[in-house]
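Letters are used for the chains, namely A, B and C, taken in the order the chains are written, and counting of residues starts over at 1 for each.
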């Protein structure tokens, strides 16, 4: 199960009275196996939200919970995919994926079969013995996703995972992620500032205000996606051409633009 | 052969010729000051065969090498773990740093008189001083190496639920190893310098002793032989360390690029 | 890494560590486990240090020895900088010079400065030339190497910009190459000073008739551990002062250029 709850969450960096208020009054519930994207202007606290669920930081106010239990520290049930890949440069692709399973004391035979399956799924089989520095950015991020997925986590946390990739690779990765998510669904919290990416991938999109970050709006994508049958289109450019898609995208842009305008006011 | 290597060869050749001419052929430099190639050669034969200053060349070289290796190994066994600890734990860093800051400005060579006072002129005093000289760069660079590890990599390790021991051996140490090896190279350099100095001050065997006796005997050819031997051993040990580094760090493109 | 600790905590821990260290030292000295002659207590060392500042030992007061040491260091260091920095810069700019000089450099790299002491003693006896030569041997390489790096790794785009603006060669050298090499040179001077000071200490242990190193050797010969330790403290203090002032100079110069990180 992977139900995430933010209850009156606030986060201040530095001393409580005078520090930087990153988040204020965040209330959000993410259902099991739901794919939620958070978008917002820079510094709005979206990454902070992810870090709270990951357990890298703790909230100053309120509580962040997974399946009803408050989150205290990081763990493999909330696997993270970082923007900078964060692979271990001294380990091969195979070993990078293996180590999470070893930490869970998974027996060797099972580890081997699980890794073989994920390598196959992510098209990484020929690269199992390669080292990260021998791979392109896109491939490294595939390894990072594989590393997270192989843990069979309750929650998948993705922090601008395609931000460091070039535009073409990005599109390919988005298509792959959609395929993966439909095939092997689980709760996903996806941070991005690319609106189209969010609309394409997510069931719901959360729009945040600039700092101090609050939730401005939550848009339901899944119902429109199902009603307009986006999944019948294999290519991403066909989906992005649909009127329903464009409408949602524009709605979000307008909302974000208000935030940006306020910033310069 | 590349242009650079070719020019290098030519330069060394020319320098060698100048040496020959200035000392033997034209006698511009009196033999009491700087040895001619011939004198150096005969000194080399002397110390290799009959022996000089208490033993032959192999014995002296072996002793010096032995002490350097022992001191160096003790230093990294103690220094690297301390560097890892201080790099990892900010508490440990805060606690130990001031003591370090006080001890650091004292050059390792300055410990020689104290070491001799405590342990005499034998091996123990030398190993102590070498240990100290090699210890400091190991700690500092390993510390820097740990701090240099990308934050996301550390967070990824946390996320993957790494048990403590595995974290140290499979994340901290490999992550710190690029800078750690830089520290090891500095430690090795410091070890040789300190060893030679300690043996010059007082020793029964070793290349430093050869230098010392040669100086007292006004035997410049032997001095040059001693210096050459030190340089060669220094080069060889550094090379060995470099090979170990390349082996361990085949994953690090930056290091590989630096080796050329 | 572990979470950061507060400034207050780090200061407290720092003090604690210091007091623990001095306490252990003092305790060990007093306990009698180690013969007093080998491990004097911190207080005794302090006492001896202050005494030596006024009373002569081995020819001069501690202050006198420190000044003598520093004087030699200064000559050797300045010589190394004056010869080394221009050489390094030229090697960085003119490839032929680099190719000629580098092999010699590499060959001599593995000879520790201290290994020159026997020749220094042979040529200069116990005169001031000896230590200066050793200091030079220690301080020279970093000066050259850092000047070389500063010159060689000038951002080529700066040169291109200068050429595009029609700058004559000598101006390019003076107003582009030299200034952009300065940070590297200053950093090299700091390393050079440290190595030079260390080399001086080594030289004075072996061939000198004055200076702090000489003081320590005499202290050792007379089994006066407090004297030896006082010498070590003095050396540390001077070394620290040198390094701090150069660090400060480095920071000032870098700040003026907005290069501070």
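Some observations on this one:
Please note the rule applied: contacts are C-beta pairs under 8 Å (C-beta built on N, C-alpha and C of every residue); 3 or more make two chains touch, one makes a residue touch a chain.
Treat the numbers as computed from the prediction; the structure is a model and nothing was measured.
Chain contact topology: the protein chains form an open path, each linked only to its neighbours in the line. Inter-chain contacts peak for the pair B-C, counting C-beta pairs in contact. The mean-CA centres of chain A and chain B are about 49 angstrom from one another, to the nearest whole unit.
We define each chain's centre as the mean of its Cα atoms; on that basis chain B and chain C are separated by 18 Å. Distance between chain centres (mean CA atoms), chain A to chain C: 52 Å. Listing the residues of chain A that touch chain B in their complex gives 54-56, 73-76, 78-80, 82-91, 99-100, 102-104, 131-133, 147, 151. On the side of chain B, the complex with chain A involves touching residues 150, 152-153, 155-163, 166, 170-171, 174-175, 177, 249, 251-253.
Taken in their complex, chain C has these residues touching chain B: 1-5, 9-11, 13-18, 21, 38, 96, 99-104, 107-108, 110-119, 121-123, 197-198, 201-202, 205-206, 213, 216-217, 219-220, 223, 225, 228-229, 231-233, 235-237, 239-240, 243. Contacts from chain B toward chain C in the complex involve residues 3-4, 7-9, 11-12, 15, 32-34, 87-91, 93-99, 102, 105-114, 116-118, 146-147, 154, 189, 192-193, 196-197, 200-201, 211-212, 214-215, 218, 220, 223, 226-227, 230-232, 234-235, 238.
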